[in-house]
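Heads up, the next two complexes both have chain A, just with different partners, chain B and then chain C.
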Partner chain A sequence: MFRGEQAEMSGSEILSTLLGSEIRGDLLVLFHKNPGLIDTVDGVARRIGRTTVTVISELRELLELGVLRQKRIGNSEIVFLDRAKDRDLLQSVANHLKTVRIGGEK
Partner chain B sequence: MRIRESSPTNPHGDFGSAPRSTDPNRRFAAEKAFSSVLVSTVREAVGNALGHNVLEILTAKGLLDDANNSKEFDRKLQSIFGNGAAVLERIVVKDLNRKLGIPYNSEARLDYEKSLETAREVCFVESRLK
Partner chain C sequence: MTAARSKTGASGFDQLFPGKAEENSRVKTGIVELDEMLRGGFMPGDAVMLAGSAGTGKTTLALQYLVNGVKLGEPGIYVTFEELPDQIYRDAKNFGWDLRKMEEEDKFRVICTSPSLMLESGSDSLLDDVLHEIQPRRLVIDSLSHLEMFVKRDDMRIEAYRVIRYLKTRGISSVLLWESPQISGGSFSVTDVGLSFLVDCIVALKPVEIESSMRKALVILKMRGSDHDKRLREFEITSAGIKIESAFSNYEGIISGSPRKVASEKLMEMFRGASEKQKKA
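Our next item is the complex of A and B:
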């Protein structure tokens, strides 16, 4: 269902993708608070109090970015955090934010 | 002030009509307690969403310098995150409401300033009930 692919993106683009929706924000918080979490899409949706239908497209964005990965185990497709990729992506975001002036002051 | 770890219900009813405390000392203490809860919630929200490196960079840049001023905080978030600011504000309000036992409706449009005012009033009411 999902493919974990990511073209080279800037820190700003990564940030926009990560915070692209409230559900994506909830997914980030869920996986960052539980970095060892492995669950099905249904299970992940339940954990953040959403339906599977509303979560699928948001999960797809994070899978394409590479912060999450998907794997088939038996009859189930499970989702989990790619910790190394997550670290790299957040470092790109951090590097981008170093150059940003809060409030627009220069 | 009591901070609840988790409560799905609202035991206080209409927070918007909560009376303001007349005791300045008590109000000051409640304001300070609320400020502390809010700043820690904002730190947790940013840290959990974007990691601790990002949190430390934003802290060094002064994001949390005036976290109690919701307008100023909102302006700073907008300048950094654009549309993503609303996502972070929702994470903050959701977590703050959970701590204070205020129901959160993810379907409703978020008014960050009003949400913080409601949370502040709950802190004041709780300080008066102590």
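Our next item is the complex of A and C:
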């Protein structure tokens, strides 16, 4: 269902992808608070109080970014946090934020 | 002829094969009194059932077993079907256990998933990544009772057996929690789906009402291949975790749910009462 690939992105692109929508924000909070969560798309949607249809495209963005990973278990597709990738992306975002001055100019 | 033993208790044969001697050492829970009851700890690689009704302290005891394992250099995994991990991190912190820090050090993992996924995967591919990441020696499943909701009653034993074998094959010592609404009567029946014979050890936790107050009791019902303390011990959940106290030596009928003072204790009380009356007179 998802590609799960990530092209080389700048810190600002990563940041805007991570926080591109309210649902994506909810997903990030869920996985950061519960880094050991392993669930289906349906299960993840339920855990943030959304429907599967509304969550699929948002999950796809996070999978393409690499912060989440997917795997087939039996007949189900599961998603989970890639801890190492998550750490790398957060580091990129932190490095980017260091270069940003108040007012948004570099 | 008796084999010579070293200071550590390893026989001459074991010293020739260090791996063998290591196998013989116990898996300590880190709770001194419980380890004494277990004659040193659980047997390595054993599947232990920790049974009890809601609120008896199963999760606390299981977490303490894993946290103490980390302190002893044995990484651990806590698999929960019940709570979201953030609640577990918070509750553990109240006991002074910083699970997030242990996770950062790759010594601990809290895995939150659904029982249906665990069953669908046969447990292997679901846990493969995390087993590879931290090489755990201990694992807790909270709880086996949740699997029961997703399988037919007759299949429960097969599924539990599959999970236990998967962990045993990898040499992981497991603690399987079981929500047991009633551990009472003379039969000491822990589960009604026949899981007791699949596990190597059963530790039961039970609330007891004594003299109008609720207290907690712990008993080791079974331990394959080892002697163990057969007495019912009182325990408390303190700010540092489980603390096991003395045995309920003056009471009988605790497991059956009708505790009463043993006859000798009643007689002693009568004598004490009579003696006090005499003194006053």
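By our rule, the second predicted complex is superposed on the first by the 102 of 106 C-alpha atoms of A that agree within 3 Å, B and C clash if a C-alpha of one lies under 4 Å from a C-alpha of the other, contacts with A are read in each partner's own complex, and residues count from 1 in each chain.
What we mean here is this: contacts are C-beta pairs under 8 Å (C-beta built on N, C-alpha and C of every residue); 3 or more make two chains touch, one makes a residue touch a chain.
Just so it is clear, the structure is predicted and the values come from calculations on it, not from any experiment.
Visitor: Under the superposition described at the top, does placing chain B and chain C together on chain A give a clash or a fit?
Guide: Pair status: fit.
Visitor: Comparing chain C with chain B, which touches more residues belonging to chain A?
Guide: The partner with more contacted residues on chain A is B.
Visitor: Between chain B (first) and chain C (second), which does A:25 come into contact with in this model arrangement: first, second, both, or neither?
Guide: Only chain B is touched by A:25; chain C is not.
Visitor: So, does A:43 touch the first partner chain B, the second partner chain C, both, or neither?
Guide: Once the two structures are laid over each other on A, A:43 reaches chain C alone.
Visitor: Please work out whether A:35 is in contact with chain B alone, chain C alone, both, or neither, and reply first, second, both or neither.
Guide: The answer is second: A:35 touches chain C but not chain B.
Visitor: If we overlay the two complexes on their shared chain A, which of chain B and chain C does A:78 touch? Say first, second, both or neither.
Guide: second
Visitor: Is A:16 contacted by the first partner chain B, the second partner chain C, both or neither?
Guide: first
Visitor: Considering only touches as defined above, state whether A:94 meets chain B (first), chain C (second), both or neither.
Guide: first
Visitor: In the superposition on the shared chain, how near does any CA atom of chain B get to one of chain C? Answer in angstrom.
Guide: The answer for the closest chain B-chain C C-alpha pair is 11 Å.
Visitor: Under the contact definition given at the top, report the residues of chain A touching chain B in one complex and chain C in the other.
Guide: Common interface on chain A, chain B vs chain C: 33.
Visitor: For the complex, give me every residue of chain B touching chain A.
Guide: For chain B paired with chain A, touching residues are 45, 48-51, 53-54, 57-58, 61-63, 75-76, 79-84, 86-88, 90-91, 106.
Visitor: Which residues, counting only chain C, touch chain A once they are in their complex?
Guide: Per the stated touch rule, the residues are 84-86, 103, 109-114, 117, 120-121, 125-126, 130.
Visitor: For the complex, give me every residue of chain A touching chain C.
Guide: Within the complex, chain A touches chain C at residues 33-40, 43, 47, 71, 73-76, 78.
Visitor: Sort out for me which residues of chain A touch chain B in the complex.
Guide: Those residues of chain A that touch chain B are 15-16, 18-22, 24-26, 28-29, 32-33, 49, 86-87, 90-91, 93-94, 97-98, 100-104.
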